[in-house]
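Next come two complexes built around chain A: one with chain B, the other with chain C.
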Partner chain A sequence: MSVFLDKDTTFIVQGITGREAINLTKECLDYGSRVVGGVTPGRKGRKVHGVPVFDTVAQAVENHGGEIDGSIVTVPPGFTKDAVIEAIDNGIKLLVVVTERIPRGDVAEMVEFAEMNDARIIGPNCLGLIVPEVCKMGGIGGPAKDAAKSYKPGVVGVMSRSGGMTTEISSSLSAAGLGVSTAISIGGDPIIGSSYAELMPYFEADEQTKAIVIYSEPGGRMEAQLADWQKEHDSRLPIVAFMAGKFMDDESMKGMNFGHAGTIVEGKEDSAAEKIKRLEAAGIRVVERIDEIPDVVKERISA
Partner chain B sequence: MIFYEYEARRIVELAGIPVTKYGFCQTPEEARKIAEEIGGPTVIKSQVLTGGRMKAGGVKFADTPEEAAELAAEILELEINGLMPVGVLVDPKAEVKQEYYASVVWDGNAKKPLMLFSDMGGIDIEQVAEEHPDHVGRGHVSNLMPVGDYEAKQVIAATGVTGSQLTRATPILAKLARLFRENDMILAEINPLAELTDGSFVALDAHLELEAEAEGRQKKLLQQELGIPAGEIRDHYVPSEFEKNVKHLDAADHRGVIQGKDHGFEGNLGLVIGAGGGSLTLTDAVRSQGGKPANYSEIGGNPSVAKACGLAKEVLKKDGVEKIAVMMSIVSNTRVDIVARGVIKACLELGKDPGETIAIFRIPGAWEDEGNKILDHYGVEYCDRTVSLWEAAGRAVAKIQGAS
Partner chain C sequence: MSAETMDSVFIDVELDESAASDPELAKKLEEVCPVGIFKATESGTEIVAGQLDECVLCNLCVDAAPEGSLRIVKKYES
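Up next, the complex of A and B:
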């Protein structure tokens, strides 16, 4: 079992002829993922690492001869909203939006459209998700051999606002013998398709997952939302959190942006200190050091 | 993009929200003319992109056009928080019956714009929300459906406002919500929204912020309506030399991304670190272990030797920097050998011994073995992913503390 992906999951890549998209397609294919098509308007008939390219999502679906599960969207910011809505309109239910610097209004529009159509958006500004040794959807973990090194199958569900830190944390969990059930790079923007709390029910329903690790940053109210969720649902899954960017709580850093677009302290509520307080009040253990994560997870699983 | 008050006034005015008859002036003579046109007592307000204008003497009241000209002359010369005004705004002194508050912000959890309204305007809304929650109305608007006046009406009515006040405030809040969405704002606030003695409503002050990511598609508003030159950068603070130089280096070469900040940092350990989340984690790890970072930085993608060298040089040139730590979270696309070459080159060009200057090198990435060979050659201490970000930062701190 896993979250969202299994060995049969099919997906396309929108914007497949772009430089980064070509690499990403190869990485996913090498990992064993089923990339069944690509879309770049005006490029119909080409192939990218053997994957047929189409002008429209509808053509890709027709060529596949049935519903396609997902799409990795990696088109320029001004075109992303349209691409995402095109995919959803053609029956695709799982969208990984890689593109950075999309205006918030566009993100909010596509998320609302996804909600109306029972589709789920991961990202934007994310590296996607991975089920170790099963499927990789996005640039997460890098080339297949690197991803294999960092991600071993196991029991921990990982959600992270930083793509790079998803791999750093998963690598330490894998090295400690715990392994990863599903790791999701949820994106670093102020508005994202899927927050921790919105993804929790999926991990909750996944028998393979025994614990959750989240990587968190100042800015936004997503951690408060997770704390509220945990209080209401009393999840079977222990959650271990790491909060980066504590230095941003200094008065001199107020209003400054570090790391990701969504990482900015504007008021008291979105500071690191306040988030830590709320998470802990909900029974979520917040570790001080990044390298404490595996031991604390082991402790919480056996408790 | 943040706006001067006179620009924010213009934006809400363009959206059909009533404002007072104001004028933006850059000379005392212009101020006199506007005050004459207004005919009556005026307020002269410094146009600077910083708070605390009132306290600094940047807002003054005049009874006559002559006085308006004199005060304008004073305020035009007055520096506030290190910034000179771009002009003054001359505004009629309003006869206010009551102050209200209206704003629209993003709710990141609901992923929708949130309208806020209060009949206790003029003061800090967070304080009102805490002390008088029944005086704050809230309501989300859809991202896909048009904003209905009734949605604004519900928010205002929730605060107990009724009568002509309700019917006059309703279109203002609805227009503010439409402006917020149409103009890609991340903040649209009218505070105070004033009810004048004649019963009319005007926006007396507005704070707006347009999302940086949307500046390209808001050219019509920014360039044509407001006359803001393309590429004008406005920040909440004045960038330092280091910040400007790193930005310049980044723009000069499309390979990889580098960013640097030193606002609020003044330590002796320079940080050449990445990527986004890794940099945040590493900066904390250095500080938590007693280290004093001289700066913050981010390396992303696959920078060229020149870019890595440039960033390391800028960090090393900062006052008080004794050593640098070169560290990243696990990356698959950054070539370790290229970064290694870059930071070593920076040391050599500044006449420093790389083995002494680079406290630690921890980048688990592509071409790691090739990178290690170069680091070995110059006697630089390095480590791989088995050494955590915390431990790598700790080694750098221990080295610099041992050195001083």
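Up next, the complex of A and C:
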């Protein structure tokens, strides 16, 4: 089993003729993912690495001859909301939104639209998700041969606000023999489609997953939500968190932006120290170094 | 037009008059909002217009205020 993806998962790439989209399409195809079409208005009839391009999602669905499971959305920020709504209107239930700098109101609107239509958005500002040796949806892990090195099949679910750190953590788990069940780059923006807490039930239902690792940063409320979720549900899955950016709690660093838009620290609840306190109070083990993660995961799984 | 006077495009906040004049609630709202939309003053809560578009829809303010006294008005279609 796995979360969201399997070997039969089909998806399209909206904005497929853009530079980044062309690259990630090749990466996904090389990994064995089923990219069944691409959409760029006005470019119907072209092909990108053999993938047919259409003017609309409806045309892509018609050409496929049945429902398409997902879409990677890589269109410019001003068009992203419409692209997401178009995909959902055409029956697509899993949206990986790569685009960053989307207006906040547009993000809120498309997340609510997805909820109303039983669809799920991963991102915005994310690298997608991967089930090792099964399917890769997005730029996560980079080229297929690199992704194959970093992501070995295994028992740990990984969720991260940083795309790069998703791979870094997964690589350490793979090297330690634990491997990864599903890894999800959830996105670094202030409002995203799927938080840690919202994704936990999917990992909980996945028999392959025996533990969870999250990569966390200062800013935002997602860790508090995860702590609340864990307290309320007493998950069978031990959770290990790596908290980056502790240096930002230092008085001299006040006001500094860690990197992602969602990491701007405004309230007390946002600080690394406060997040660590909340996570630990919920029984979530917080580690200080990435190389500690595999041993702590092994310890928690066997406990 | 400065950020302070510019109309928000994302959300507005409506706060009932009785709640807005409660200095204790004002402190609480200033404390919980992660993006600085509320400012506690001697007379109660001041809404910082320039911060409205920074809202992350966390609802902490709605939870902190007496039930029904604070409303987030979404300016986008839903």
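Note that in this section the second predicted complex is superposed on the first by the 302 of 303 C-alpha atoms of A that agree within 3 Å, B and C clash if a C-alpha of one lies under 4 Å from a C-alpha of the other, contacts with A are read in each partner's own complex, and residues count from 1 in each chain.
Going forward, a residue touches a chain if its C-beta (ideal position, glycine included) is under 8 Å from a C-beta of that chain, and two chains touch if they have at least 3 such contacts.
Computed from a predicted model, the values in this text were never measured in an experiment.
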item	value
When chain B and chain C are modelled together on chain A, clash or fit	clash
First (chain B), second (chain C), both or neither touched by A:Lys93	neither
First, second, both or neither for A:His49, with chain B first and chain C second	neither
Partner chain in contact with A:Ile290 - chain B first, chain C second, else both or neither	first
Partner chain(s) touched by A:Lys298 [first = chain B, second = chain C, both, neither]	neither
Touched partner set for A:His64, first chain B, second chain C, both or neither	neither
Partner chain(s) touched by A:Glu112 [first = chain B, second = chain C, both, neither]	both
Dominant contact partner of chain A by residue count, chain C or chain B	B
Touched partner set for A:Arg104, first chain B, second chain C, both or neither	both
Overlap of chain C and chain B interfaces on chain A (superposed complexes)	103-105, 108-109, 112, 190-191, 220-221, 267
List of chain C residues in touch with chain A within their complex	9-11, 31-36, 53-58, 60, 74-78
Touch list for chain A against partner chain C, complex	103-106, 108-109, 112, 190-191, 220-221, 266-270
In the complex with chain A, residue positions of chain B that touch it	106, 108-109, 111-113, 126, 142-144, 181, 184, 186, 211, 213-214, 216-217, 236-237, 261, 263-264, 274-281, 283-285, 287-288, 293, 296, 298, 328-333, 366, 385-386, 388-391
Residues of chain A touching chain B in the complex	77-78, 101-105, 107-109, 111-113, 141-143, 146-147, 150, 160-165, 167-168, 171-172, 175, 188, 190-191, 195, 215, 217, 220-222, 225, 242, 244-248, 250, 252-253, 255-256, 258-263, 267, 288-291
